[in-house]
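Working notes, structure below.
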């Protein structure tokens, strides 16, 4: 069934994109650090399957998956991460700020939970425009302890905003286990604001897609916000740099246990082998073209370093008197 | 042509712009009841969808404004007291201000953050007396501190129409001042200063409520000492009207800055530093600055007043630069 | 019964103190604005009746009642508000920052909800010291929408802190009605963090005292935080300045209805008339002495304006080169 | 006497002080696993009660530290990235910093806020590259930016022992640098600068990682141009060692400041302004400053580098002040 193939295609694209990114970061072809989405693909794929182009999402530091699932061009994403002018953000954003506003992707974000109120404002604007579009804010289990998320859940409640809160509970905030960090339950927090709050298997894209479709329909119908806790897991470190740090906050056994529920295997098992193989082949070709495009693209001119700061008025001053 | 109070000018500017542009709306605490007077009557006239009372959630409603702006609105966010800008510091300087650069110019973020009643207010003590406009200038945010009713009118229009985040400080000590505001008054571009008084001997730079003090001192010194003081108000702290400053200093050869931010790394520091570095050839005396002391404002009014920049300090500084011994310059 | 007389005495002292303050602000003998506690006396009196001197409280912009109930010297409070050096804060704090750290009063606060994490830190310190002291943070219904309060409730939960959250629901945050500002219920918010959360009649000092005694015992016994919503009402404006503003967010009828449940009448009705009269007379005498003391006290020297900023190191620079 | 990396010096200082003073504890994100390396091994050695992992709740754990401090502890609050200081701005500058004044000296608030890895880090983009030490100086908070391992050791001890709030920036670009740290090294008082290199012709002021750049440029210019550069590091940004600056400038007569805060109202502005106002008689050339541009840091490394203060800019500025035409001074 074609929905499932699309879900799988999205997840496979994310997985292989991220695997390439790890290599490129480790070979210093990509600067800085990136936070991989590997293991959590079912959440982005399942939620975004319920969205339209005019819906808005806000993402996190672990944002590549959301951005791909919402439809961004992987070649321009790759170019962004390689710091090329053809990148989605013209090489100004990189991994933590990657965005495509034209697709309603209001950006990955370097600050935990900061995207929530931004999504709320976009949701409100949709209502003002008389549209039935919705907004989704993605965040992790650690973000549930950021006050701004609570302020936003309250505003979404009193103003009945078409806003979907998607909590990706991957068990940890860097090294801090979710159970130790959280008094009460994640869904309980949201329920306290009077919104539907549900826990869903975040390793099963079909399950996420079904739950998201319901929540999005609820919002489009003018019934307000809801909250989805997607239980999931990241198969790799908090960021690419963690590999060498030996933080030792979780066991290899734990990781192995979760890998058995790899969302690609879970969904793949429900598909015909040739369907899987065909998608896999497409994805390899797509990513090959993406990397080639990125590598051929130009790097920014140093003379443009102060561009794009203001929409109007003088450019920012340089660091020396001129 | 109507003579009106600064606060009325803000209210009129907001109403005029909201009537002109349906994408403008107001977000803040008690804006429907209009505790601060800028939104008086607008909820009834324009509807509660455009004058929105928020819960006490500064971080969230500041971020909310950014999201609405990305989706095509021009939010005006009212903060009841200046120190609320501290609770909303991250969403302003780290999110709204950086978004355009971070996205390589994909979007504009036209949000105006207004504090109607900034600075000390006689007995409001340490947490209600801040005047943190230098913090936003240091963070690169467009920052406006109008001194008079007509400037408040024109700069409020310009701030709302500006496609970038703008922090707008309306000093408490200026809210009651009156000035003519033309019936057809228009926006005043950000980054263009105003010469309130022409002078030959010394340039005094002042913003906000201190412009009035500067003018009073200028008149007094003209009388008593025959000193001709030029009073220059940049009006917007960031971007700053460096050309206007240079023109004045090149004429007078002397510079005194009076400023209500803390001394260390305040606005006066920036003006004096830029002048020392870039206008050295024009200066015949060392530049001077009169600022707020580097301390929080105590409750007792006599202590508060002792920490704020004064007319006496300004007069003394002006006298000292016009009578500077040439050895001081070698 | 003497507890009740003490409760009444505390409430009467607060009431008459506040009534004098209003007069003194209106006659400009007190600078700035003050936020009166008139109508809410039962909350501070009832809660603080359960506290010891070594327990800690953090208060709000509407703090006089809490500070009096925790045992501060009203003469030195009066002196503070009149800006005299004999004031609790040496004329540096005034109404919004009035404190007596020696009595565990970590200050009124100009910022809504800011006292909550401060109280949490004090509660934690008590445990570290091996003491069974507790901390109480007072806040209003509006403060429940401040993120920092939620962050604090979570920390109190995971660290099992001896911390009592006292929400004074007086129906409004300035002009904004609590029902309109709050999605879900106030107690529901706290319950989501797994702590006992109860609603109590905030106009009945006996009821508040009983509920507080239970919550404090719970904390002293090492059973962690709890939350009390005290339903109450302020009989006067948000602050002294409101009187002339005509904000018109509530009706005279509503105010009258609540005045019928004036906490002084509620408790007074349970006391003998002569008991009430005796206390009232004491309080008048006490406040007369307090005002006289304040008026006789000296104002601060202007030369001391930069004192008390730092505990060590150079004094802050003046605003002019010296 | 051991040669160690800056980051190791921080870790050693923290361990030494925690062993010496049981009231010291650490609060922050991932401090038990020690993501930032400053607390490595301490949870196991000293117990989890003294190395406390916090939820992602900066506002609350920053306020919590203040409450613990009022109750007798000396908290060290670790922030994983510099912009988290923005989310905690209110509890630091409005609560902890003002409390002593607001209570008329009733209490001390000995909290140290440390950012191990401040400033730009090559490709971390706009929200992870801030160096906001000027913001805290403007707010009157004691602010420390050590340049070397031994200074990091001694100033970290002093910050923890200080009875006031202190914001401690450990620049990412300096964390890997090495220096001898004496086995019996002690606290270094806040507010006392360090002359890294004696010189006659010009005073270069630098803090943090830029001290190394200043020294490199000084050596190169001594070689190539025979210019004798004095390198002065105030080490603490607030309070500032004005006497140390004056002594150096009175000797050399020239001043160049290199600074990693934004240009407008940054640290360099304060230093140049104070010199222009108070050391005018000693200056034979206009003071100069080399700063970060007034812009957020873009992701692409070549753009990042283009906005940061550089050795080339510093060398050019030094050359320009030693060869200043006397007319420039009139």
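A few notes on this one:
Think of it as A, B, C and D in the order they're written, each chain with its own count starting at 1.
Here is the rule we go by: a residue touches a chain if its C-beta (ideal position, glycine included) is under 8 Å from a C-beta of that chain, and two chains touch if they have at least 3 such contacts.
Chain identities (UniProt): B, D = Transketolase C-terminal domain-containing protein.
Fair warning: this is a prediction, and the values are worked out from it, not measured in the lab.
With contact taken as defined at the outset, chain C and chain D are each touched by A, B.
A centroid comparison over C-alpha atoms places A as the chain most distant from chain B. Distance between chain B and chain C, defined via averaged C-alpha coordinates, is recorded as 35 Å. For this pair, chain A with chain B, the centres built from the Cα atoms lie 39 Å apart.
Chain B and chain D have centres, each the mean of its CA atoms, that are 29 Å apart.
In chain C, the residues that reach two or more other chains under the touch definition are 89, 91-93, 97, 109, 111, 145-148, 151, 154, 158, 180-182, 309, 316, 321. The set of chain B residues that touch two or more partner chains comprises 55, 57, 59-60, 83, 87, 90, 94, 101-102, 125-127, 140, 264, 274, 277, 288-289, 294-296, 298-299.
Taken pairwise by the contact criterion, the protein chains are fully connected, each one touching every other. Looking at the complex, you find that chain B touches chain C at residues 29-30, 32-35, 53, 55-57, 59-60, 81, 83, 87, 121-128, 263-264, 288-296, 298-303, 306-309, 313, 316-317. Within the complex formed with chain C, the chain D residues making contact are 49, 54-55, 57, 59-73, 75, 90-91, 94-95, 99-108, 110, 140, 142, 162-164, 190-191, 239, 274, 277-278. Interface of chain A with chain C (complex): residues 145-151, 153-154, 156-158, 180-185, 188-189, 191-195. In the complex of the two chains, the chain A residues touching chain B come out as 56, 58, 87-93, 97, 99-102, 106-107, 109, 111, 114, 116-126, 128-129, 135, 147-148, 151-152, 154-155, 158, 307-314, 316, 321. On the side of chain D, the complex with chain B involves touching residues 83, 86-87, 89-90, 93-94, 97-98, 101-102, 125-127, 130, 132, 134-135, 137-140, 238, 240, 261-262, 264-270, 272-277, 280-281, 283-284, 286-289, 294-296, 298, 327-330.
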